[in-house]
Amino acid sequence: MTVSVYGETFARWRAGCGDPWQDYTHHAFVEGLRDGSLPRAAFLHYLVQDYVFLVHFARAWSLGVVKADTLDEMKVCAATVDALVSHEMALHIQTCAVAGIDEAKLFAATEEFENLAYTRYVMDAGLQGDFLDLMAALAPCCFGYGEIGTRLAATAAPDMPYRDWINTYADDGYQGAMDAVGHMIDAAVTRRMGSDPTATARWPHLQARFNTATRLEVAFWDMGLRGA
Amino acid sequence: MTVSVYGETFARWRAGCGDPWQDYTHHAFVEGLRDGSLPRAAFLHYLVQDYVFLVHFARAWSLGVVKADTLDEMKVCAATVDALVSHEMALHIQTCAVAGIDEAKLFAATEEFENLAYTRYVMDAGLQGDFLDLMAALAPCCFGYGEIGTRLAATAAPDMPYRDWINTYADDGYQGAMDAVGHMIDAAVTRRMGSDPTATARWPHLQARFNTATRLEVAFWDMGLRGA
Amino acid sequence: MTVSVYGETFARWRAGCGDPWQDYTHHAFVEGLRDGSLPRAAFLHYLVQDYVFLVHFARAWSLGVVKADTLDEMKVCAATVDALVSHEMALHIQTCAVAGIDEAKLFAATEEFENLAYTRYVMDAGLQGDFLDLMAALAPCCFGYGEIGTRLAATAAPDMPYRDWINTYADDGYQGAMDAVGHMIDAAVTRRMGSDPTATARWPHLQARFNTATRLEVAFWDMGLRGA
Amino acid sequence: MTVSVYGETFARWRAGCGDPWQDYTHHAFVEGLRDGSLPRAAFLHYLVQDYVFLVHFARAWSLGVVKADTLDEMKVCAATVDALVSHEMALHIQTCAVAGIDEAKLFAATEEFENLAYTRYVMDAGLQGDFLDLMAALAPCCFGYGEIGTRLAATAAPDMPYRDWINTYADDGYQGAMDAVGHMIDAAVTRRMGSDPTATARWPHLQARFNTATRLEVAFWDMGLRGA
């Protein structure tokens, strides 16, 4: 896997982020998903929180449509909302149903602080800034899960308990959607920042957005482990 | 056709609006679409403006996802964004392409003031108020075009030049989508205003939103006729 | 008067705007204010609409606080809200009171389409874009009225009926506030776009915001004359 | 002190909140401020975070101006922004300056998750809902600090180290501002929900906003103690 599969901008943000990117994508929670050692209680605790996370993540991608400047930006954002609601959340609903947690309970779950902090930070990045501020805050979740899915699909044992979770992010549907997002972001950056974006006054502000969201991903996994 | 096809809330807003609703749905522009007498230049002028209108209308429905409180509200709003982008706008693109106006030109068309006023009023209704303020401002376009489509499909000559436009709004896809919107709005009203919403302190504010948007629909048709 | 009194950014936007800036700042309505020939009915029609305009303009400057990145940006935006509510609107309230129109009537006045279009376009520039998009849409009113006030104060007869209006925009309070706004915008541009902002990919988008708002100023004066 | 000093709505929200209100207003951090036993390191850690909190709280009150429906709502929200920036934040700047932390460092401080969660939750309450959703999320901080200030001023020893902090919230300026906020909220509730708001379908949603913000206040004090 090369990271540039999701476009040039993500490759730059990822390189600019440094250690926290590794802390996020190789977190103990992730390694527990890979080797199957993650306690089921921690996984379910995470999954319930992640369902509510996705509700607000879908709101944030819809805010992307509100803030878009081109028809292509609008279409990719709208397609991502659809992918979240129809595809990713289905995993949560099915897995939690088996554990006796129905969708109404998922939707009404009390959010942990790490969850609140993350989703509302992303929403406010969109309210305070422009389309790129929002994209920089959305990127770590989108592409980080893509990276994790690809890596775990290649290295996890076939018969371990978290195979469905891994497949959700490793499969062609998710990977293709994230590829489209990455290239849309590249075009959005060129449109607003020209052909040498890292040389602009604005770049460090976008990098800071990406870094904060990555830090919040680490905290989200920490929160998951607390459920064990 | 009974107006309650789109739900109870719309039936109340429509009744509370009075004459302007008739001015909008039976405007000279509409009658020109029905009997085929509308000058082609006026139709094309309208269609170009309406394309840009739909871009911002899709942004406003996406703001609906941002402001929704329930998963059903989110899903109906997201489906409406998709219907606008994939279905309604296709008519504009095809019709304008025949007239030598490509989609890039449509997207970049200078907005007339009536167009700016309408779409930005709807956006700001969402920013200033809550989900219902936004729905009240979105409703006249959605349901009014539904009414017009149904009426014109039943009364227009089969071989007149605006048949494609009429079919776009008379067909089952559009009608079904608006039926879903109407019932979602009914549930949204009950959730926030109880079972007797017209008796609440808030009702006149929502009616005023609906009336302003209806007034802006009349102005939009007036603007269309100026293109003749 | 040199235009750079309100900063470098405004000087560039003004130069980039071309004829519409002249159409706005030397409109027949303005010349009627200068020589006193403007019909009183047109002035009052304008003043009632402008009161409602200022309500939404104060909302837009408050959105500036929401979107600010630095404490100085926050402070200048908050001070402008205060100047609008405490200073500019006082003129409208007093003048309209003499004509028998009280403040409750002003606040509840039905907005003309040109008024709706202008204020809601500015609000949406803030929702869709970032702080600079909002500033580019706010600038023509702020600095254009400053230019008009300065020019009319120097050339109008001392005993003509619109002296109070002219003084509101010519006086040191308004001029000083706009000077502070202009320099805050310069710093905001440097922070986000570097030291050569007109060379960036983004500049034409900001210029387009400024031009649209200038076009809406012309329409606002046209609307005023309709009241005669 | 009776709680109704800040109006009827707050009295209802406070009563409806239950134990968490006590957990917040009588937190160990607060008791440490009262008897002077709070470690200085914890106080400074809190104060730096609270400065950044107030920056975003000022943004949220400015969003209140954006969402207001009446001139009085606009004025009270704008006055609160001014009180936060000119009054409350001065305490933080002076106290931190003595400890060698200048304002630029305060503004750039990395936000703890509890801080991010709280301020961005409030911002999003405003983006998702209407004016009352925003007020319900802003209320616990405003009125809780008022209650704490009044109680601690009456019971703390005169020569203890946190007297300046206590006076900031006990003094007539803060108390008068919060009294104005409380009565503005009462009028805003009546305008939108009628004379019996607790009987409406919407009340539980507003109470839930108030409860979440109160829960976040408790977490904020917990975060402060971690700095010891």
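Observations, loosely collected:
Note that the chains take the letters A, B, C and D in the order they are written out, and that residue 1 is the start of every chain.
The rule is short, and it goes like this: a contact is a pair of C-beta atoms (placed from the backbone, for glycine too) under 8 Å apart; a residue touches a chain by one contact, two chains touch by 3 or more.
Model, not experiment: these values are computed from the prediction.
Residue numbering at the chain A/chain D interface overlaps substantially, since over half of the positions present are found in both copies. Centroid analysis (C-alpha atoms only) places D farthest from chain B.
Looking across C-D, A-C or A-D, the pair that copies the B-D interface, with over half of its contact pairs the same by residue number, is A-C.
Distance between chain centres (mean CA atoms), chain A to chain B: 34 Å. Measuring from the averaged C-alpha position of chain B to that of chain C gives a distance of 32 Å.
In chain D, the residues that touch at least two other chains are 59, 66, 123, 127-128.
Residue ranges of chain A in contact with chain D, taken from their complex: 59, 113-114, 116-117, 119-121, 123-124, 127-128, 216, 219.
Residues 66-67, 69, 127-131, 133, 190-194, 200-202, 205 of chain A are the ones touching chain C in the complex.
Residue ranges of chain D in contact with chain C, taken from their complex: 55, 58-59, 62-66, 68, 70-71, 74-75, 77-78, 81-82, 85, 103, 107, 123.
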